[in-house]
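Note that chain A is present in both complexes that follow, paired respectively with chain B and with chain C.
Our next item is the complex of A and B:
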C-alpha cells in the first residue's frame, strides 16, 4: 500500500516536471515579450528590467533557474503587477476557485447519484425519460448559457419579490456561491447521472441481487446496501477527471459571475503576456490536477477492497 | 375396396411445381448495412442525422442564399430585434443645431429654486427623429438654469421624470438637442426650471419617434429615395448585433468557423490517435511502453490552460483569425483518447482467432493491419469521432467565449455569445441565437453518437 502511494507520488512529480518543461518551452515560443508591450523605454532601463527578471541570461540558464525556484515553491514576481509575487496571487485567489470547485463537485456528485438512481429505479417510465432528457440537455448546453439563463431567472425572481433573494454576481458570502456552483456542476452532474444509471442497471442483473431478493430482503434494503454501494464505484473513479473538468469550466463561470478566482487571473495574465504568472499558474494547476487524480485513485482503493492497488492496478 | 386415389384425390396427386419457397436465411448483410438498418430504426438518431446534414447545408449553401455581408456595419440599425424588414422614414440631412438664447431675461439670484414656475410652453423644433430631438421653451421668470429629463413612460409626478439628460446653466438658454441613444417609440421630455435647487413644477412634452435614416444613408440603399418617404429596409430575420451587423449572416459565417474546427480537428486528431495507438498496440514492447508514457503525459496536461498557452505560442499575430493555431492546439492535446482506444482494440484483436489464422496463412503486417485490424476497430472509432465533434465545438465556443479563441472580426458562435451576453437582458436575441445554434449542434451530435454506438457496437449498447 505505502509503496504504491510512493510510486504514484513519484510518477506524479515526474509528470509535474514535464508539465513545467512544456510550459516553459511554450512560453518561450510565444512571440513578443512582456516588456516590449509597455511604454517606450531607454535601453538602460530595459536592460535593468531584463536583469531583474533574469531575461538577460541564456534560455538554458533561465530554465534551470525556473526549475530550481519552482522546487523551492517560488514562482517569481508578476511582470504587470509590480512587486506582487505569483505565490501571492495563488494564495489570494486559489481559495476562491477551490471553494467554488468543491461546492460544484459536491452538487454534481449528489445530484448525479440521486438522479441516476431515480432514473434507474423508474427505468422506462416517464421519470426516467425526463431525467435522461435533462441529462442530454445538460451535456449539450454550454455552461455560459446556463450561467446567463440562471442570472436572468434570478434577476426576475429578485424583481418579483423586490428583495435580493440570491445575488446575481460577485463574491463574498455563501449565497454568492450557490448559483455559480450549480452552473459549474451541471455538466458534470449530467454526466454522473448517466454513469450512475447505467452502472445501477448493470448491477440489477447480478447474482447477489437475485440472492438478496430470494432471501426476501426489503427493496429499500437491497437498494441501499447492495445496489447503491456497488454502483457508486464508477462515479468515484470519475471524480478525479471531474475535478479537472470543473476547474476548467471555472474560467467561464468566473468571468460571467465576476468572481475573482484564479481562472480569471489566468486569462488576464495571458492577455497581458505576464510570463511568470502564466507559467506559475499552469504548473500549479497541472500539479493540482495530477495529485487530485492520484488522491482519487488511492481513495478508490480504500472504497473498493476488491481492487488491490498494491499491485498497481487501480 | 375403394381405390384410395379416387377417395382422396388431392392427397395423393403429385405436387405441382410452384415458384413459392421459403427462405431459410436472410440475405447476408455486411456489417455496415446492418448498422445502417439499425440506425434507421432509431428515430432520435435519424432526426439528429438530418439536423447535422441540415447544418452542413446551412453552412455551405447559406452564403449564396442569404447574400448579406456579415461584416457590414449599419450603425443606424444597432441591436435591432428580429424582423422581416421594417419601414423607416427618410429624413433631411442633419442641420447644425443652434441654441436658442433669449434676450432680456433676468435671473434673480435670491429666488427660491423650489418655488419657480414651470415653463409655459415647450415647442418642438424641426422634425424629431431617432437622429435627434430638438425643442425650445419659454423662459421661466427668475430661473438661473434648467434641467432636462427624459423617460419612455408617461411621468405622473416629480419623481418619475426619468433620466436627467442635461443641466443647462443660464436662464436665457432655452433650447435643447437630444441625440442620445434614441430608438423608435414615444419619449417624454420634462423641463424643470432651477435656481440653485430644482423647481417642484415641471412641464412635459411627448414626442413620437419613427425609425428614420438620413437622406444620404437612404440613397446609398436606394438611389431615388426622397425626404419624407417611407423606405423599406432589408430583412433581418434574426436581428442585428451591437454593431448593426446582420445576425443571420454572421451565424452562417460563424458556423463555418465552428463546424470547421468541430469537424476537422477531431478528424485529424483521431487519425493521429489511430496511427499512434495502432503502432503501439500492434508492435507492443518498448515502442508501446514509450508511446503510452507520452500519452499519459499529454493526458495529464491541464487541457484548457495548455489550449490557451499553445494557441498563443503558435502565434495569432495581428490580423490573424486564430483558427489555425486553435486547430493545431486541439490536435496536439486531444489525440490521446483515440490512441488509447485504438491500442486497446488492436491488443484485443491481435490475439483473436481470425487474425491468427490469417497470420498462419502468411499474411504480412501491413495486410493484417489494413485488412483485419483497422476495419474491425473502425466502428468503435467512428462512435468516438461522433462524440469528439461536440466536444471540439464546445472547446471552441468556450475559448472564444473567454476571448481566447477566434479573433474578431471573424465571427464564431462562441465569440458571438460573448458579444451577446453583455446585453443579454436588453437585447436577448444577440445571445440566444448563437447559444441555440451551439446547443442544437452539440445535441444532435450527442444523439447521433448514441445511435451510432447502438448500431455499430452491439456490445456497448446503451441500456434503456
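Our next item is the complex of A and C:
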C-alpha cells in the first residue's frame, strides 16, 4: 500500500514538473509581458522595473531561478499586486474556492446519485424521460447562464417578498454559498445523473443481481447493498477530477456572485500576463488535480474490495 | 423644568440622529492592486486614494486646483512655493508636514521603487535624471523649508504644475510610517495612513473595502458621509445591475450598452457624463506601410461618418463624435480649448474619398494590400472593426484584415508596429491640453504609429518651456492643426458614460481627473 502511494506521488511530482515547464515556456512565447500597460513607459522606467523582477536576465536563467524558488515553496511576488506574494494570494483565496467547490460537488453528487437512481428505476417511464431531459439541459447550458438566471430570479423573488430570502451576491455566511454552489454544481450533477443511470442499468442484468432476486431478497436491500454499491464506482472515479475542476473552474460563477475566490485571480493573471501568479497557480492547481486523482485511486480500494492496490493489481 | 425637558428632547433627537450613520454602498469592477500612492496607476486605486489622501491641492469639478493641504501657493517660471495649513493632520493625529511630500516624491522617482508613473514628476528639477540613475534622490528639486513650507524647483517652466499636485503620485506619504511597514506599505488597510476625508478601515482582498469618515481631517465638518462601503467586487455588468436592483448598492458607475434597455424597463433614472477619454484610429507611419501614404489616409478620413458610427456601433446616447485629439471638456486660456481654437475636420464625402483612394493606388504601385486593423478582444472592438471593414470595402474597395488580440498581445503588437491602423484611445492624467498634445511627439512612447513631424515637436517643446498660458495654448493649437491636417489620426469619439444612482444619494461628482466618482461632498438622505 505504502510503496504504491509513494510510487504514485513520485509520478505525480514528475507530472507537476512537466506542467510547470510547459506553462513556463508557453507563457514566455506569448507576445507581451507583465509590465506593459495601457500607457507606455519610458525606457529608463521600464529598465528599472525589469531589473527589479529579474526580467532583464535570459529566459533560461529565469527558469532556473523559478525552479529553485519553487523547490523552496516560494512562488514570488505578484506583478500586478506588487506587495502581495503568490503564496498570500493562494492562502487567502483558495479556501473560498474550495469551500464553494466542495459544497457544489456535494450537491452534484447527492443530486446525481438520487436522480440517476430514480431514472434507472423508472426506466422508460415519464419520470425517467423528465430526468433525462433535464440532464441534457444541465449538460448543455453553460454555468454563466445558470448564474445570471439564478441571480435574476432571486432578485425578483426578493423584490416580491420585499425581504432577503437569499443574498444575491457577496461572501461571508452559509446562505451566501447556496445559490452559487448549486449553479456551479448543476453541470456536474447532470453528468453524474447520466453516469449513475447507465451504470445502474448495466448492473441490473448481472448474474449476482438475478441471484439476489432468486434468493427472495427485498428490492430495497438488493438496490442498496448490491446495485448502488457497484454502480457508484464510476461516479467516484469522476468525482476526483470533478472536485478539482469545480474548485478551480468557478471563475464565471465567482464573478457573477462577487465571490473572492482564486478563480478570478487566475483569469486576471492570464490576461495581465502576471508571470509569477500564472506559474504559482498552475503548479498549485496541477498538484491539486494530481493529488485528487491519487486520492480517488486509494478510496477505490475501500469501496470495492476486488481492487487491491496493496498488491499492485490496480 | 420645561427647559430641562427641552434639553432632554434635544439630546435624545441628537443621539437618534447620530445612531443612523450615513452610509453609501458601492460595487467596483476590480479591487485596487495595492494602495501605495507612489506606485498606483489604475482607476480603482485613484478612487480609493482620492478619498483617503489629500495632496497639496484637490481637483475641483472641472479639474481646477482647489486648496488642499496647501492653503496658498506662489508659482513662477522657476518653481513654486506651497504654504501648508497648520491643522492638516494624519489619521493618527500627527501633523502633515512638507517633509511628507518630499518623502513621497523622492520615493516616486527612486529607481529602486520602480514607479511606473515616475514620469509625472519630471517637471520637478532633476526628477528625470534620478529615474535614470544619474543623480541622487536627495537632489530632487523639492525641499521642506520648514514644516509648513514646501519649495519646488522646476526643470523648466511648467504651466500646468498646479494641476499635477492633486495627482495620485504627488500625494503625501509619511516616512516613519512607510518604513515601519517593511515593504508592505499600501498592501492592507492597516498598512495605510490617511490625511483625507476618509480612512480605509477594512480591506478584505477580492471581497470588500470600507472607508469611514476621518475625524482628524482638517475639513471634516464638510464631510457628510460616515461610511463608504464597497461590499461587492465584480467586473460582471449584469451582476452589478442585479445588486442595484436588489438595493444592495446605491450606484453603478458605468452601465454597459446592453444594460440600458433593462435600466429603462426598471424605471431607473439614468445620468451621464464625459469621462474625459478620446478614441481614434491611429495610422502606422513605419517604413513600407501603405498608411504612410497621405492620400490613403485622406480617403479613410473622408469615407467615415462618426455620427452614424456612434449610433450604430457605440450605442451610448450622448457620445460625442471625435473631431480632434484634444477633447471638448479641456480648458484653454479662459474658456474651453476647443471653443477658443476650433478645428473642423472635413465632413464625409464619398466621391472625394474615391478620388483620394485612386490617387493612393497609383502612388502605391497600382494596388493597396489588405490593411491590418489591430484591435482588442471585446464585443465592442469586434462590432467596430466589422463596421469599418464593411464601409472601407463598399466605398473604397479596401480590404480590412481584422487582428483581434487580447490586451497584452495587442500592446506588444502596437509597440512592435504590427498594424496599419490601430483602434487607440487615451485618458487624461491632468487637466491640461498637454496630457493629449504630447502624445504625438516623436519622443513619446505612446506614439505607437511613430508619426513624426519636426514642426509639431518644436511647437510642443515651445509649449512645454513657458508658463504663459496664452503662448502655451497657441502653440498646442498650432501643433494640433498640423497633426490633423496631416491625418496622423482620425478621431472617432469622445466617451460618455451612463450611470445610475439611488435617488437618495446626492452630491456625487463625476470627474475626468482624479478620484471618480468623487463622494467627498456627497450625502445620503
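Methods note: the second predicted complex is superposed on the first by the 292 of 314 C-alpha atoms of A that agree within 3 Å, B and C clash if a C-alpha of one lies under 4 Å from a C-alpha of the other, contacts with A are read in each partner's own complex, and residues count from 1 in each chain.
We adopt the following convention: a residue touches a chain if its C-beta (ideal position, glycine included) is under 8 Å from a C-beta of that chain, and two chains touch if they have at least 3 such contacts.
Since the model is a prediction, treat every value here as computed from it, not as a measurement.
Enquirer: Under the stated touch criterion, which partner chain does A:227 make contact with: chain B (first), chain C (second), both, or neither?
Expert: Neither partner.
Enquirer: Look at A:148 in the shared chain and tell me whether it touches chain B only, chain C only, both, or neither; answer first, second, both or neither.
Expert: both
Enquirer: Is A:237 contacted by the first partner chain B, the second partner chain C, both or neither?
Expert: neither
Enquirer: With the two complexes superposed on chain A, say which partner A:137 touches: chain B (first), chain C (second), both, or neither.
Expert: A:137 contacts chain B only, not chain C.
Enquirer: Name the contact category of A:49: first (chain B only), second (chain C only), both, or neither.
Expert: Second partner only.
Enquirer: Kindly classify A:22 by the partners it touches after superposition: chain B alone (first), chain C alone (second), both, or neither?
Expert: So A:22 only meets chain B here.
Enquirer: Check the residue A:201 against both partner chains and state whether it touches chain B (first), chain C (second), both, or neither.
Expert: First partner only, chain B.
Enquirer: Report for A:170: first if it touches chain B alone, second if chain C alone, otherwise both or neither.
Expert: Touch status of A:170: second partner only.
Enquirer: Just to be sure I read the superposition right, which of the two partners does A:289 touch: chain B = first, chain C = second, or both, or neither?
Expert: first
Enquirer: Name the residues of chain A shared by its contacts with chain B and its contacts with chain C.
Expert: 30-31, 148, 151-152, 155, 255-256, 271, 273
Enquirer: Quick one: which bits of chain A touch chain B in the complex? Just the residue numbers, please.
Expert: On the chain A side, the touching residues are 15, 18-19, 22-23, 26-27, 29-31, 123-124, 136-137, 139-142, 144-145, 148, 151-152, 155, 198, 201-202, 244, 247-249, 251-252, 255-256, 266-267, 270-271, 273, 278, 281-282, 285-286, 289-290, 293.
Enquirer: Would you pull the chain C residues touching chain A in the complex into a rising list?
Expert: Chain C residues touching chain A: 27, 30, 33-34, 36, 39, 41, 111-112, 114-116, 118-119, 128, 131-133, 183-187, 204-208, 231-236, 238-239, 242-243, 245-246, 248, 406-409, 411-413, 415-416, 444-446, 448.
Enquirer: Taking the touch rule as given, give the residues of chain B at its contact with chain A in the complex, in rising order.
Expert: The contact residues of chain B facing chain A are 296-297, 300-306, 308-310, 312-315, 317, 390, 394, 397-398, 401-404, 417, 421, 424-425, 431, 435, 438-439, 442-443, 446-447, 462-464.
Enquirer: Of all residues in chain A, which touch chain C in the complex?
Expert: Contact set of chain A toward chain C: 30-45, 48-49, 52, 78, 80-84, 89, 92-93, 148, 151-152, 154-155, 158-159, 168-171, 255-261, 264-265, 268, 271-273.
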